[in-house]
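Next up: the structures, one after another.
Presented sequentially are two complexes of chain A, the first with chain B as partner and the second with chain C.
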Partner chain A sequence: MLKLRLDEARLTGSGGERAAGKRVSEMTVKDLCGRLGWNLICGSGEKEVSGCYIGDLLSRVMGNCGESDIWITVQTSRNMIAVAVLADAAAVLLPEGIHVSEEVIRWAEQEDVTLAGCGTSAFSAAVSLAGELGMI
Partner chain B sequence: MAEVIRHTWQVLADDYSTAGEASASLKKVLKQLGFAADIIRRVSIAMYEGEINMVIHANGGTASAEISEDRITITLADSGPGIPDVGLAMKEGYSTASDRARSLGFGAGMGLPNIKRCSDDLKIETEVGVGTTLTITILA
Partner chain C sequence: MMEELSLNILDIVQNSIAAEGTKIEIGIEEDDAADRMVIRIKDNGRGMSPQLLAQVEDPFVTGRTTRKVGLGISFFKEAAETAGGSFHIGSQLGKGTWVTAEFQKSHIDRQPLGDVAGTLTSLILLNPDIDFFLNYRVNDDTFDFSTEEIREQLGGGIKLSHPDVISFISEYLSEHLRALNGGVGI
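Let's turn to the complex of A and B:
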């Protein structure tokens, strides 16, 4: 049984071949948005993705979110953007249709942070992502 | 890079919206100077945690960085309430952050532990009622 602690859960890609034939290291945020139906809110989405971190406590995110991770969070303040920049996250994914303000979107654009959203839970998004990365 | 480069930023009390600007600015400088990604990440995280600590606990303060070829030294100085028990403050999960700070995702009790983890050397000088100065050294 796959268990994820929603406060702190991290999945990291192994770099193996995916069913679609594209290597994990070549999967970009934009690719994932297209494949999983995520809404690309802003940003180029061109960073490659190797894993995922779920968490809302910013210090924990900074300590544990890896470079090239998709960070799934319910935080929508400007501080979320600052942490995404410092942690070098590939993108921030807001689950459950969470709304983000225009001001924060502008701030994300200014800081070159890719924001995406989805209608599912963080757990479902992480499981789908893990599937796309060939990890499960 | 022969000379030492110095930058200083003012960190404002209770201003969560601009917290992180000093860290982001320092990160850009280090990128331009060509430091390794891991060094930049450690410096950025230590600096941001320090900034946030000053915003939450210390009525703001001054953040400065000295960048040389072989090390980055960050000094975070405030005139806040000081830390009564440094050992407790260093313990992961211990936090005295306000409800407002917690509602914004802070107050995980990981600030000083994260700074220590990112540092090669961390010096904490603090006096209750006088203030706190952190000196963080990260070797390049």
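Let's turn to the complex of A and C:
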């Protein structure tokens, strides 16, 4: 129900409209990894994605990252995993080929956080994500 | 991390208040020769058991199991360690808790201190019966502030949260902290 309303809002909103009848956000993290060449580091990637939040200041992320957003950050601390859980992000995407330690991957697995990585900047990742979600 | 260290201070002091502290001491020390900034917070609250203390820096323990503590400690520790510094928390049941965060002052990732005067003023406004102490040292200059002293001057009957008292405290703190920092924001 909520999902449907979200799509409608997007369909009728200014800019980024798509032809009515076309489903907008039906993409999972796994789908996006396949389509955009992101590396699925850990997690099932089954969560559906509806948007994106970019930020590294964890206190701001807590208040602004929406659930089912892809959160793009350069943070690789245990606090990052905690904030991903609190925000209920669809996945955390680490841009610029940032290295994640085995320890962080283990924490993410324990807390059921999906981690992905890409070689591009946060900006390009967000732009291609917006394209896949039919927002641009 | 948070955008200003004064928000970290606010968070830690809220833990102290939640732990029924009635006397809360905040110390800030800036030493340019040593390129160091130290923030200390100490309370006389109920303190923590060694078991809780050992877990308290873990965001999962603090953020999810024991809601009363929050992510404040994890964020403060991260802020210090990201800025070439260190973090320590000590506590004793029935005695209180003390937190020390040390930063390399010039480190590019050190967050700005932010509005200490505003932070302390709001803490006093919301908790007029708690005794707050501030010791702020910048190199050789020191500023000391205590709500106890203000309370003595006011005599009984007038609360620290009285609007006139609060606006006095706010101006007094802003003025002295500005003077301490040579009028430059940090």
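Throughout what follows, the second predicted complex is superposed on the first by the 112 of 136 C-alpha atoms of A that agree within 3 Å, B and C clash if a C-alpha of one lies under 4 Å from a C-alpha of the other, contacts with A are read in each partner's own complex, and residues count from 1 in each chain.
One rule holds in what follows: a residue touches a chain if its C-beta (ideal position, glycine included) is under 8 Å from a C-beta of that chain, and two chains touch if they have at least 3 such contacts.
Predicted model, so just to flag it, every value in this text is computed and none were measured.
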Given the superposition on chain A, are chain B and chain C in a clash or a fit? clash
Which partner does A:88 contact after superposing on A: first (chain B), second (chain C), both, neither? first
So which one touches more of the residues on chain A, chain B or chain C? B
Check whether A:67 is in contact with chain B, with chain C, with both or with neither, and answer first, second, both or neither. first
Thinking of the overlay built on chain A, is A:78 touched by chain B (first), by chain C (second), by both, or by neither? both
Shared contact residues on chain A for chain B and chain C? 56-60, 62, 77-79, 82-83, 85-86, 111
Could you pull out which chain C residues touch chain A in their complex? 1-3, 7, 58-60, 63-64, 71, 74-75, 78
Touching chain B in the complex: which residues of chain A? 56-60, 62-63, 67, 73, 75, 77-80, 82-83, 85-88, 111
Of all residues in chain B, those that touch chain A in their complex: 16-17, 19-21, 23-24, 27, 37, 41, 44-45, 48-49, 52, 104-111, 114, 117
In the complex, chain A touches chain C at residues 56-60, 62, 77-79, 81-83, 85-86, 111
